[in-house]
Structure formats: C-alpha cells, structure tokens
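Below are the structure tokens for one structure; questions will follow.
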C-alpha cells in the first residue's frame, strides 16, 4: 500500500472488480429486456400474454435481487475498508 | 494476531495442500478427462453435421438419452445448494465441512445439465430463436428462465461464502495472487465485512431454496403439462424434487468419499458426517418409494387403458429390467444398507450412494421412454436403442463434471476453511448458549 | 372466417393407400431408406393405421388414414418454445420450418403422433428431383414437419376467389389426399358453412373423433358404422 | 493512476467506435451486392418517349403470381433491324436479337422458396403500385444494381401491419 506500484495494482484490480459487478448488472438487465421482448411478442401475436406477464413478474425480481445482493456485498466491503483505514490511521 | 493466524493455517494445512502441490496424478486425470471430452465433442460435431439421425431416437420415441440426462443432471444439482441451504438454515453445526462441496456440485452440474437441451436440438444454429421469438407459454421457456435463475443464484451462493477463503489464499501469496486479489473483493475480515457477508448469505440461503424447488418442479412440468399417459400427473412436481434431492445427496456422498480418500481429509470428514448424511439419504429413499408407490397405485387403480399400457410396459415390457433394477437400486439396497449399523460404514454408504445415483438415472429413463414408446394411437409400440453418439456424450458430460470438480479443487479449498475456524472459535460457545435457551429454565416459583 | 375440416368415411375407405402416395408427392415429403424406416424414421404426413381385431385366422383388419388432426385446441402449439407451430384463425395448425429449432417437444406432446422429424437431410432419388412440387418448400434436417391440410393450395384458391371478388366455393380448396381418393372417402371443406358437405357429414350419427375425451377437438372427423 | 484509467477509457471508446464503424460499413456494403446487367437498360426513355407502361413488358404482373423479366421476344416487337437511337446499348440488344440469343438478365429481386409471394395479390387485388417495392424505376436511366427494397420478413410484416392485412404465417409461408 506504500509503494505507488502497489496502489496502481490495487486500482487495476478494483476497476476489474467494478467491471465484473457491472457485467452482472448487464446480464440481469439483458434478461429483463429479453423477457419484456417476449411479452411484447406475445401481446403482438395475442399468444397467451397473461402467462408471459405472470412468469415475468416472478422471474425479473429474482434476478434483480441476486444482482443487488452481490452489489450490496461489494459496496459493503469497500465502504468499511475505507472507514477502517481511517480508524487505523487515527489510532 | 499474526501468531494466531500462522497457528490456524498450520492446523488446516491439509486443506491448502492440494492447491499448492500438484502431483502426477492430477495431470494424468486431467489428460484422460480431456481426451474423453474431446471425443465427445467430436461426436457432437458429427451429430450437428449429419443431423440427429446419428442418435437412436425415432418416431414415436422422439426424446432419448439427452433429455434423460438433462433431468438427471439437473436432479443431481439439487444436492448442492438445497442441502447446504437447509443445513445452514437449520444451524446444523456438522454442515461446516460439507457445504462447499455440495455447492460446487450444483454449479458445475447445472451448467452441464442446462446444456443438454441444446445438445438435443435438431437445429442448434437456431437456438437464438428462443431469445428473439420465444414463447413464455412453453414449459421449455420456464426451464430456460428457472435454470438461469438457479445457476446465477447457486453460483453467487457458492461464491460469497468463498470470499474469506479466497482472501486467505491471497494473503498467503505465491501463485495467482492477483487472481485471488481480484476475486476476494477487498475482504479484510473486519467486523463490518463479516456482518455484510453473513447478512447476504442469510438472504441467499432463504432465496435459493424456493428457486431450487421451482427448478425441478418446472422440469417435471415439461412432462406433466403434456397429455401423454404416464406423464400427465399432478404428483410429478414434488416427485421430481424428492428424486432430485435424493440423487443429489447420493452424489454428494460419493464426492465426499472420493475427496476424503484422495486429499486425505479424514480429519475433516469424519464417519459422523457420513452417517448423518446417509440418514438423510435413507429418509429420502423412503420418501421416494412413497411417491413412486402413490404414482403407480393411482395409475393402476384408475386403470385408464392408455395409462395401463404404459404401466404394464414398464412392469413387464422390454424396459421391465430397468424398472425393477430401479426399485432395487433406489429402495431395497439403500434401505437395507443404511438401516443396519453393521453396513453403515464408509464402504457401505459409498455402495448405497452409487446404486442410488444409478437408480435415479434409471428412474429418469423409465419416465421418459416408456411413455413415448406407447403412443395413444394404435401404432404399435416404439423402441429405443441409444447409439454410440449418445453414450459418448453421456460419458463426456460426466467427464466434464469430474474435470470441473478437479480444476475447482486445484484453485480453491474444497472445504470452507473460515467456516471451520468459525466453528472452532465461536460455535461451541454459541451452541452451548443455544441449547441452554431450548431447555426449560429454573422453575419460576410463584411469589 | 372459415374453419377447415376433413371427414374420412371409413366405411368407404378401401385402405388402398392412394392418399399416402398423393400426399407424399404433393408435399415433397422425403423418401426414407428401408434401413431408416426399420429404425422408425419413416415419414408420412398422411399415415395409415392398421388395427387388428381378433386372433388368427379370424382377424379383422381396420385401415384408418391418419393425417394431422388440426385440433381446435392443439396440445402441440402450447409447448412450442419458438412459435414454430401455431393455430391460425382458420383453424389450420401451421408448421413454420424455418422457425423450428428441432426440440421435438411438439412431437412428444401430440397425442396423435401426427408429426415427423427430419433425422437426416431429406433425400430424393435422382428421378424424383425433377418432379418435386415447386409450391411446397423443401425441409431441411433437424426440423419437425406434418400434414398442413395442403395450405399452399389454400393460398392459391383464396387469391383466385379474391381476384373474382367472391367467397371460396365448397370443394374448391381440397388437399391432395382428398382429391386423389379413388373411393371418394375423404371430404374436405368449411365447417362453418352450413351448406358444405363436410358440415352435413359431421352431423352424421356415424361421425366420431379420435380420442375425443382429451378435449383436443380434432378437425378430422371419421365416419363409421362399425365400432 | 486516474489519468491512466481515463486514457484507457478513451482508448476503449475509440476502439469500440472503430469496431462499430467497421460493422456498419460491412453491413451496408455487404447487403448491396452490386449487380451489373448485360445491357444498361434505360427505363426512363422507354416510359417517357416510347410511352410504355410497366405491364407492357413485365407481363403477367396483374394476372399471375410471378412477373416476368422481358427478353428478346418482347424487345424485338419494337427493336428490329434499324437502331432507333445512337445508344451503344441498343447495338448490344440488336446483336442479341440477331443471333436469337437470350439476354442473360440478372435477377435482383427474389423471395426464398418457402415464401408464397404473388404479384397478382399485391398489384391487382391489393392495388399497390409497383414503385412501392421496386422504387422509382420510371426515373432510372440505367438498371438498378441492387434491390431498392429488401424482401425480408420484417419488411413484409411491417407493410402488412401498416395496411392492416393479414400477417398470419400460413398466408405466405408454405
């Protein structure tokens, strides 16, 4: 943490972690878009739109919850490590 | 602080060793597995090139090994997350060395099982039609959604409890530090981080159970939503879930016994773990029999002619051998082995688990093929012989599973180190406190 | 909106198999080698069921032509994951070969086993290739196909009627099987049109449908005095 | 460090923009497979000076599913031994006629075999002008080198929806 090389390495890893988190969000949003697209197709063709909407109501929140849990963990870890740093510095 | 750390590392050195020491056996195993997988891949490419004619499927038996294995592998996947979530949720302390192994089974097997319907497609080049023009009314789409959800959930559920262990590997230095640093998400083991992680795991384990149940229910719906005799049954949902957990526990036991032997984990996986799990296996075996019995009894009692055709075909037709060996493997052998203390040794449990896995595979076979072979119309019954392509893809799928497991164990500890530590440090006190809270306190005297 | 239906008079049917041949030629159904047929991969859109009653030597054989039943409540379309099989407003159950991903779920779900699959790339003998019907597209390996009630003929008939600004006449739209039947046992027409022959025959006391109890409401109606 | 990330992000944006550009160029160029006809036929002259209409040469447009591309049998009704103009293209045509050889026209509009497309349905019954799909051919002084309107399923369906006519699969698929 003292050497500049170390911090730059940390930064790269941190951005990679951020990227992986955003990948999960992209994945989840892609699934939501996909399901919404299927609903629009089923409405368009009048092909059991009720069932499609019912399934989407269950499926989409599940995916979003999963992504939020991951984000919560990631943010939770980092929020703390900063305050911890301050604490140790303060001590 | 540092002294304590080195101490604990010394204690659990056996768990780190497989990651840092690579023997010739590892390369040999990986090489053999890769060869099997390559051959399977070749057979698959051949199938894509020539068409599904290279399999043994035909009319009316339009589904064969691929769908059987699909249901089978997804069933095995329930080992994992579901067992580990239930054990975590019920605060069973003996879970600690088991959960990780179970979760890994889930993640790998789900990926394999989820690919099987694609292998089964006549036009895999058009698989994207599902995304552009899918119909959510079709049970196949329910499957796509629920398996994706389960795969995501179980991967997250595998990953989160692994973070502290990854951080340990990162702190050890040596190979792949950057990789572990990336995966450890800045874990420092502070109290706040522990709180966050525990909360996330708690939410996940509650979430994972209904998702897991939904997955196998939905897979049973593929069959029970049709009008075919032998499939169109309301019991299929719970029946499949029970069967899935049943085969999952058996697979978990096999994996545990294999790793105990290869990695010398006798200190972690003790006889008591196997006995507890095998008691669960015994319960599931009885439950499985109960469901099977109800299924066939309602069919036979109602005696609807087409239903009877299928049942008689299963009992006495060309597939009778598979039906009866399923009963022996799934019920008679496990019940005999697991009911008597004399047989309930590691070897006995291994034997029972292997028969259960085979028996559950036979059950999937008995569900898929006899119904299709006996169409309602008067066309005579069909026959199905799997071809070399189907066999090699089956073996290939198993090889992918073993390879995935072996590679996982090369990069990550197969037993959750921090949870073992936590068990040593905290849970003895906590359990004591918990048990005390169950017990009646000193009688409150009136006045 | 018309509702196309077929009536097959089993009392008239001689079981000659002409409908099978006509269908095969009209719809470019692939000709499967004897070895593949042995393995259960024969392809007929119009199949012929043989039902044997009694024991040798007193065997009674019933021959029943079996096309796709074009159910009003088709079990196959509910399970299709990609909208490759569907029912159109005129009651025809269509199969769109270029949409089909070959999962064969519809085949597994069809209680009448009316669908066939292209296990290999479809093949014809050299002499046959010159007489393929240009009005019907050729299928490719890995897709499901089935009797379409010769829907390509309806496209032409409809256009003729529209050009002359009139309704389609009874008997104008006829699938190949119905047209070629030497015993005149296969009728085809509009079930909504009360004047049509099919409507009248469907009300006959001899009329019955296959597996009526399943609620699939097939639009192929059989006539028979025998049980 | 941040600077580096910023620079990298710039690089990333530039790289992705380049990829997108390449894809667009590829799609645009790839879809227009330029076709040169054996004779550079001038639609404009034939319509304005010879006062012909589309149907005069493209027979069966109004009565049959498939329209025709005129060949020497039709051309020679007007173009006989004497050239009518000083166009070098007419010389080519006269040579074809003299030798009784068919002009090897290249077809640029085609629907796949599994689609039933009828000109009569669209032109006579639906009363759709030729230019609706074929573009303003009347103004062209040389033959189009690529289809002005691609007969893809999306294009067909969007037009069918616009005109509120059936887009049932079996109306076109066969």
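Per-chain numbering from 1; labels A, B, C and D assigned in written order.
The criterion applied here is as follows: a residue touches a chain if its C-beta (ideal position, glycine included) is under 8 Å from a C-beta of that chain, and two chains touch if they have at least 3 such contacts.
None of the values given here were measured: they were computed from a predicted structure.
Chains touching both chain B and chain C: A. Relative to chain A, the most remote chain by averaged C-alpha coordinates is C.
Every chain gets a centre from its CA atoms, and the centre nearest the mean of all protein CA atoms is that of B.
With centres set at the average Cα position, the gap from chain C to chain D is 38 Å. Between chain A and chain D, the centres computed from C-alpha atoms are 48 Å apart. Separating the centre of chain A from that of chain C, both taken as means of CA atoms, is a distance of 51 Å. One inter-chain figure worth recording: chain A and chain B are separated by 26 Å, centre to centre, where each centre is the mean of the chain's CA atoms.
Touching of two or more other chains is recorded for residues 133-135, 137, 141 of chain B.
Across the assembly, chain C contributes residues 83, 86 that each touch 2 or more other chains. Residues of chain B that touch chain A in their complex: 131-137, 141-142, 145-146, 148-149, 152-153, 156, 160, 163, 178, 181-182, 185-188, 190, 192-193, 196-197, 200, 203-204, 207, 211.
Within the complex formed with chain B, the residues of chain C that make contact are 36, 39-42, 49-51, 64, 66, 75, 78-84, 99-105, 107-109, 111-113, 116-121, 140-144, 210-211, 214, 216. Remark: chain C residues 86, 88-89, 92, 94, 96-98, 134-138, 148, 151-152, 154-156, 159, 162-163 touch chain D in the complex. Those residues of chain A that touch chain B in the complex are listed here as 9, 13-14, 16-17, 20, 27, 31, 34-35, 37-39, 41-42, 47-48, 51-52, 55-56, 59, 62-63, 65-66, 69-70, 72-74, 76-81, 83-84.
Here chain A touches chain C in the complex through residues 41, 45, 47, going by the rule given at the top.
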